[in-house]
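In order of appearance the chains are A, B, C and D, and numbering begins at 1 in each one.
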Amino acid sequence: MKKLLKLEHFSELIKDGDKLLVGGFGLSGTPLSLIDEIATSGKKNLTVVSNNLGEKGKGLGKLLVSGNLKKAIGSYFTTNGDAVNAWSKGELEIELVPQGTLAEAIRCGGAGIGGFYTKTAVGTKLAEGKHKMTFDDGDYILEKAIKGDVALIKALKADTLGNLIYDQTGRNFNPVMATAAKLVIAEVDEIVEAGEIKPEEIVTPHLFVDYVVVTKYVKEGGRYVEPATTN
Amino acid sequence: MSQQQRIKIARRIAEEFEDNQIINLGVGIPTLIPDYIEGKDVYLHSENGLLGMGPTPEEEFVNMDLISASKKPVSVETGASIFDSSDSFLMIRGGHVDVAVLGTLQVDETGEVANWAVPGQNILGVGGAMDLVAGAKKIIIATMHTSKDGTPKLLKKLTFPSSGVRKVDMIVTEHAVFEFKDEKMFLIEVLSDITLEELKEITPASYELSTKKLIRV
Amino acid sequence: MKKLLKLEHFSELIKDGDKLLVGGFGLSGTPLSLIDEIATSGKKNLTVVSNNLGEKGKGLGKLLVSGNLKKAIGSYFTTNGDAVNAWSKGELEIELVPQGTLAEAIRCGGAGIGGFYTKTAVGTKLAEGKHKMTFDDGDYILEKAIKGDVALIKALKADTLGNLIYDQTGRNFNPVMATAAKLVIAEVDEIVEAGEIKPEEIVTPHLFVDYVVVTKYVKEGGRYVEPATTN
Amino acid sequence: MSQQQRIKIARRIAEEFEDNQIINLGVGIPTLIPDYIEGKDVYLHSENGLLGMGPTPEEEFVNMDLISASKKPVSVETGASIFDSSDSFLMIRGGHVDVAVLGTLQVDETGEVANWAVPGQNILGVGGAMDLVAGAKKIIIATMHTSKDGTPKLLKKLTFPSSGVRKVDMIVTEHAVFEFKDEKMFLIEVLSDITLEELKEITPASYELSTKKLIRV
């Protein structure tokens, strides 16, 4: 399989200062193995675009502990005390974006769209400095597309071409992030033969996917856990 | 007592729902509502990408990749559908969600809501609040009448940052139900043994008594 | 099934002057039965938004013969001689939109987005009069959202709640049109029980669909034909 | 003869493709290309919503809901995927299609293309032409060197309406292959027994001979 990448080679694809789009909603649909690799990579000054920064010490939360991050762009950071602390101490920049605006801005990044007009956040602090336009049914603000250097996404299965399907609400931001970065790496539970996923059931067609990595995590009781010892 | 009051609010809001409506429930009191909508064919929308959200599953069926917007494990109802975040907010922003029930920090007497940030504190979370305020067809606020220390939440003017220019349609507290029409606030029901004078005292927002006969439940 | 609508009652839902979004690419994924009903309804001054106007005398082409149309908005009308003639005689207004801009503008209409910036058509006749904006990587034009009064779409199957799946490339414009009209009517080959289509395979969730109509056409040799006599 | 020339163009363009590329083929000469890309793992994208388009099926497998952008019945290759029109043009506009091969009416010496409308005629069709011109990573023009009546197509300046400000990368005709670099046109190959002088005569566009050794095939 041409796109298969070994987990230990993944972090070579990341450069200091890169902007990473990272899938997931909380810890659901999050590329946990890829994040672990970054946490031990010593990469610096990364910007992460993700709905939130995982939980304290879990998922993207690990990168706050290991000190890889310069900035986070997302919709909800309050639930991770480490993010709040790092921001308070001036160690982490945070750019807050409404969740729907975040999803759409990333989709625009992938779709060759420069920006879009939304009513979301009109008249609020989050609209400050943004271009306004009045359409037939009221005022809108311009939100600009978001693109990344690398997208790290989590899917349930890839086929050997790199087509992806997702597990339930683990889908979340992953499909749009797969469209919006120069390099797209998908962590999956399983790789199946091309043709096993029906054309109309594929959620992310393979043209968006550069590499596929098999997760080191296993799902037990509905939760991903690290296997006791891998060798 | 407080939990009883929260349940009262949840129950009253559930009465507003109509068959076939698409409902999005925010965090806090709104999460209590599913227990009180029996007998109505409504569909719960969860902004992380699920329509037809069902109750908490038995432990053996928990899959942490099937969760609510509050990140709790859920199940799917028959006929449920899964979609990505951009399609989920297409639904919200595009007016395809019939009712959003939201918690709040403050609401002013025109129906403008502040439910995401407190001045002087870290402003590090907004989630889907502003999208729902901008896009849901009807917005019902579920809130205790005052904050824990007794500070009023229903105000003449917001002192916390606004969540958007779109006005809410209804407020349900443990004491009363208010409706908004043309940016004016009307008291339409009293839900506790509070007197109208006492209610006035804890409600700085100006409101009129509804022209409908005011109901004391 | 609550949303089931009889074909003969369908045209009561259309008003003179309505703007209709009609799914399909050529004759593929086109709501042929619904179009037939409009052709015999005597409705006037309709605007149709569709990639093209079917073929001569077929699909949306029938509405040119029956005289229901005031205006067509789409990307390609050259292949239907009737459309070209009607336009030449001043009997039909035509608004030409690049195909990708059409699809995206309709999606915006459904998504509560006022408009979007695209590079498509920059510097061409189709950009004339449109608002321009320069982003980091060049010039874009503003394209405004398109919404309809009624969307007529074609799916393969509906379940009893109104969830839809499509047949292969018959999907085309149908899913975006399902999001962007006040009233959405889906013509389907078959209705199955809710639960038969898996949650992750549903393409159009039922919240977008107001009514479902079973097609009067049958597929023979891969082509929809009218049954010899229905009774 | 003319069909032979068209095949020559198709065959030459197929040589440009690289393994794993995503290719979108326009109407006209580009539709001949699939017969000449054997041995390369490329994936054909069709803008009506298909990646992994396969050859024309046997009559018994025809489904007119599985068609190409030219509205002809097609099949799907193993690992193909189906998507809606908005996602299909997301791919095109967003730069996810590696090569678009397009027919043309005119190209100017900077690489600007006119391939959708003729002045004075009805302008009633554009299709996906402008989206492909704006969005594909590489654009190759497949065209006869002149129109049927001998009118040049490769010009100093377009006289037909432009399809966009984005310049094309390559032109392949029955006589020659041209490349564009920094809005300058270079002759890189001669594909027929035409002399350089004859070529100049039917090509009003200014071009330089490539600094690479000019190949006569």
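The rule we apply is simple: a contact is a pair of C-beta atoms (placed from the backbone, for glycine too) under 8 Å apart; a residue touches a chain by one contact, two chains touch by 3 or more.
Since the structure is predicted, the reported quantities are computational estimates derived from the model, not experimental observations.
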{"item": "Where chain A and chain C are represented by their mean Cα positions, the distance between them in whole Å", "value": "34"}
{"item": "Averaged-CA centre spacing for the pair chain D and chain C, given as whole angstrom", "value": "29"}
{"item": "Separation of chain B from chain C, taking each centre as the mean of its C-alpha atoms, in whole Å", "value": "35"}
{"item": "Multi-chain contact residues (two or more partners), chain D", "value": "50, 76, 82-83, 89-90, 92-93, 134-135"}
{"item": "In chain A, residues with contacts to at least two other chains", "value": "104, 107, 111-113, 118-119, 166, 168, 171, 199-200, 203"}
{"item": "Topology of the chain contact graph, where touching chains are joined (line, ring, star, complete, other)", "value": "other"}
{"item": "Each pair of chains that touches, named by its two labels", "value": "A-B, A-C, A-D, B-C, C-D"}
{"item": "Residues of chain B defined as touching chain C within the complex", "value": "20, 22, 43, 45, 50-52, 76, 78-83, 89-97, 134-135"}
{"item": "Partner chain B, residues of chain C touching it in the complex", "value": "2, 107, 109-113, 159-161, 163, 179-180, 194-195, 199-200, 202, 205-208"}
{"item": "Footprint of chain C on chain D - complex, ascending", "value": "46-50, 59-67, 71, 73, 76, 82-86, 88-90, 92-93, 117, 122-131, 133-135, 161-166"}
{"item": "Residues of chain A that touch chain B when the two form their complex", "value": "25-29, 51, 75-79, 83-84, 87-88, 94, 96-104, 106-107, 118-126, 139, 166-176, 203, 221-224"}
{"item": "Chain C to chain A touching residues, read off their complex", "value": "104, 108, 111-119, 133, 135, 140, 144-145, 165-166, 168, 171, 199-201, 203"}
